[in-house]
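Both complexes below contain subunit A, partnered by subunit B and then by subunit C.
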Partner chain A sequence: MNTFLQLLVNGLGKGAVYALLALGFVIIFKATEVVNFAHGSLVLIGGYLVYELKDALGWAGAAVVGIVAAALSALAIERLLLRNATSADHNSLALLTIGIDVIITEEVVRRVGADIPFIGDPYDSQPIRIGDLTIFRTQAIALVVGAVLITAFLLAFRYSNWGVAMRAQAENREAAALMGIRSSRVTATAWLVAGALAGVAVLFMATQDFSGAGLGRGTHAIALIAFPAAILGGLDSTEGAVVGGLVVGLTEALSAQYISFEFSKSAVFLVMLVVLVIRPSGLFGTKELSRV
Partner chain B sequence: MLSARGLSVRYGRSVEALSGVDLEVPADGVLAVLGGNGAGKSTLLRAVSGTLPLHRGAVSAGEIVFDGERIDRLDPALIVRAGVVAVPEGRQVFARMTVEENLRAGGLGARSAEARSSARERIERLFPVLTERAGQRAGLLSGGEQQMLAIGRALMSDPRLLLLDEPSLGLAPQMVGRIARVIREIHEQGTAVVLVEQNATMALQVADHAVVLEVGRVALSGPAAELAASDDVQRLYLGGHAESQAQAESEEAEARAHRSTRTLSRWTG
Partner chain C sequence: MSETMTPPAAPATAPPAPTAGAGRNWLKIAAAAALIVVLLLLPVLVGNGGVAYLKLAQYILIGAVGGIGLTLLVGQAGQLSLAHPFFLLVGAVGYAVLAGDPEESADLVGLGLPPLVAVIGAIVLCGLVGLAFAPVAGRLRGIYLGVASLSLVFLGLWLGQSLDMFSGGTSSGRNAPVFELFGFEFANSQPAPTIAGVAIQKQQRLWYLFLAFALMSYFLARGAVNSRIGRSWRAVRDNEAAATSMGVNVTRVKAGAFVISSAFAGLAGVMTALWLDLVKPDENEFTGTYSLTVAIAFLAVVIIGGLGSVPGAVVGATIVFGLQQFFLLGSQQFGWFADAQFGGFSAVVVSAFVYGAAIVLVILFEPGGIAAIGRRLTSRRSPDARSANGGDRTTPREDRT
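Moving on, here comes the complex of A and B:
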């Protein structure tokens, strides 16, 4: 029972991080219909700046700079590369983001070198013990931070003018334009928010607790798990991204414990396949709404 | 108020949808734009509202001027800020959002919070049903209610010129009559209207002036009453509709009389 509770907290902690990534992925898709495969590289940009600056600025200062840098990098990708290619179809733009991802990832890996550092200083490798329970501090903090950010995001998405504009544009770009909603502004904020969430996620991902992967290709590969999270939740659903992230985190933790560690990554994709066979548009994806 | 001078529009390189169109919308009037399928009516509205690029179209010649300023190169959001708002063909309400959220989205283009709140009061008076259904998803409203929502949503930014693209499309005759009354009311409250319609009977009853587009050119224009009386318009646009609407009205009157006298047999005991 204790092991299960441990797995539950650690799995949900990881799931909250996946949910942050999947949310970013989904809002870019909603605003632009582009599948952003460069999301993993945004994670690395944020992480790299934290690694470079934490001695000079302290961990917290470096974390803020990393989050802002990831957000601005996302905006730069949209403004400099995607915005000028509006006549291209969405598949071409998705391929373009793969190109961006390769370039940025290789550059960060080259700069970091062979060390593959961890960046989660204040909480990494300091487990919390409550009786017989041992919980990774990183995952516990990730769960709290994730819950706060996700709640704030979902509330803003539902109730703020930004959220209404975003949802209107996601549903009908022309009608939104006719309401005076500025498409370019909505798109820019979607990329900014997605980049910032990736910048937060890496603070938990490049730690010993999370995966032992460090700042490099390993963390980039983990970021890719946000894709099945977003897809099984429903590619155009923010709530789906959150549930998808949590499902992925729990699947990974439980299958690593009860089946095998090597199997845990495949288990995530197996769950995605099963969900898609039963519900092709994902758990919360859009189905046509019509009056009968 | 709004004028188009020598307006030509192309989609891609080869399709010219409008060519050399001149028209004038007076500040206190309702202008009907009539024409069959492919005449260029919707293209005209897209050109005025700035949404041609979303359909890969562009103004290739001429200009559109609103209150002395050219608007044919502006972003759609700036055209809304200037006071020109369009209700697109097929209503295009945000189906997954509630009625309330649709109206809120419409208010995002308003010039000020005061304009938005007075627009809201106006919509509550014009369409009380939208207040009743505020929490309902727009996709689940009836066709007529969706049309009211589409018009209400456009009014939320307090426009000075409202463009309506085929508001009667797919609606029952009674609902068409209701929409026509609403358009007159909107106009009487001080908003100029451009009404693009295939239903010429309704459009000419509502409008002060009208133009007839044929294959992207203005074929006829003048006061609505004169156009309604002209042989060409009678033959081309009024025959079918006049018949069907008159027929619909007489059928409805008959049905009403029938309802008031008839008792269902199973309740007679």
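Moving on, here comes the complex of A and C:
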């Protein structure tokens, strides 16, 4: 029972991080209908700056810089590249982000070199003991931070002007533009928010507790797990991203314990496959209708 | 809607060349023949000392065969797939199991079939695995399918690690059985036959084998694209509802595209096993022979070449797979990237930069890829070529807006 409780907290903590990443995919997809394959590299940019600056600025300062940098990189990708690819459709733009991802990932991995650092200094490898229960501090903090950020985001998405503009644009781009919603500004904020969430997520991902994989290709591969999370929930549903993230986190934690560590990543994808076979647009996604 | 759905573009079956275009046709045939002669003479041109260059060229052919399979699926049938490395793995392991010597090791399964039968068996096996995935592929579209296919790569990683009686395990792997055709072994021998003073040893023999595989794949794919199959793929890609109303069985066509693409990937897998002389599953999902990196490399091949274009895939493979080996070769032979231990610009990093940038530039400036550039060049020279569509009959994705 104790093991199970530990796994539950562990899995939910991981799930919160995946939910942050998946939310990023979903916001960008809703605003622009582009799937951002470069999300993993945004994660790496944030993490890399934390690693470089944490001695000079202190961990908290470096973390802020990392989050801002990830957000600005996301904005730069949108403004400099995607915006200018006028002759490409949404699927080609998704492929374009793969190209960006390859370049940024190689560059960060090259700079980090053999170090493969961990960047969760204030909380990494300091388990919390409550009675017989041992909980990874990283995952516990991730769960709290994730819950706060996700709640704030969902509230803003529902009630703020920005959220209304976002949803209007997702519903119908042209009609929203005619109602005076600035499409380019909505798109820009969507990328900014997604980048910032990726910057937050990496603070928990590149730790001993989370995966044992330091900042590098390992972190990038973990970021890929957020894909099944977003897809499983439905690419155009914010609530779906949160549910998807938690499902993925729990699946990974439970299968790593009860089946095998190697199997845990495959398990995540298998769960996604099962969901997709039953509901091809994900749990909460809008069904695609084809009019004839 | 693209021109593929409109009647004037429909006669994709070799239209009788207009008289004015006949000269250009001959030119094209002559150029192709010259290219084939050069490829056939390549072992002689590089000589016995240049085996490294031959390995490079072999690697390009692996990329070409796999890339052709993927361009049919992604470009012609419109199904995004990142599962190519998985089918490569199935092909490689399938070949090793089918042709493996039963006495080689007690821990490994080997059926000892003749290698040619094993190659065909591995290709069929990949096709069947592709068919098994077809129910999933048939239900999903676009990005959903892309990510769903990603699950096969992870599944392959886990299966490769856990089924080591087939795969040989991640630590040592297993030998790739020597290919053999009617008693002629594709291995070193004494004495070796010579062509113009160049001994035809293992690598030279493999080159001819790979060339045969690649040419076969190329012409099969061109045939498929220009036939009823290709037309049904494009119809499904452009509009499933319209395709259904034209009498195309959408489910079957989608499944068929997946099966055929997997079979090509299986052949590329067999070639990979022969090229490496080893079948060894990866240790992690992000670096290795059958990893995500390879999935992206194959995607780069078809994007750079132009989605749906078979010749484009070959050119894309030359750029993506060729450059990587070229830089590796440069670092080994001429000491490029000498500072590239960790944190330097190693061959892998530089080639990733180049093809990453190539993807970005192609989509920004020429979404039709190299195929579109080539098509424009050839049609400019002869105004009678039937606009963008006539010169090259691999119908491009021109339904972008």
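One rule holds for everything that comes next: the second predicted complex is superposed on the first by the 284 of 292 C-alpha atoms of A that agree within 3 Å, B and C clash if a C-alpha of one lies under 4 Å from a C-alpha of the other, contacts with A are read in each partner's own complex, and residues count from 1 in each chain.
FYI, contacts are C-beta pairs under 8 Å (C-beta built on N, C-alpha and C of every residue); 3 or more make two chains touch, one makes a residue touch a chain.
Given the structure is predicted, the values throughout are model-derived calculations rather than measurements.
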Partner chain(s) touched by A:177 [first = subunit B, second = subunit C, both, neither]: first
Touching partner for A:130 - first (subunit B), second (subunit C), both, neither: neither
Partner contacting more residues of subunit A (subunit B vs subunit C): C
Contacts of A:161 with subunit B and subunit C, given as first, second, both or neither: first
Which superposed partner A:148 touches (first subunit B, second subunit C, both, neither): neither
Partner chain(s) touched by A:269 [first = subunit B, second = subunit C, both, neither]: second
Subunit B versus subunit C as contact partner of A:286, first or second or both or neither: first
Shared subunit A surface residues [contacts with subunit B and with subunit C]: 87, 290-291
In the complex, subunit A residues that touch subunit C: 35, 81, 84-85, 87-89, 91-96, 98-103, 106-107, 109-114, 217-218, 220-221, 224, 227-228, 231, 235, 260, 262-263, 265-266, 268-270, 272-273, 276-277, 280-282, 288, 290-292
Subunit A partner contacts - residues on subunit C that touch it in the complex: 80, 135-136, 139-144, 147-148, 150-151, 154-155, 157-158, 161-162, 240-241, 245, 284-287, 292, 296, 299-300, 303, 342-346, 348-349, 352-353, 355-360, 363-364, 367, 400-401
Contact footprint of subunit A on subunit B as seen in their complex: 49-51, 54, 56, 75-77, 80-81, 85-88, 92-97, 101, 104-106, 108-110, 137, 139-142, 153-154, 156-157
Touch list for subunit A against partner subunit B, complex: 87, 161, 164-165, 167-168, 171-183, 286, 289-291
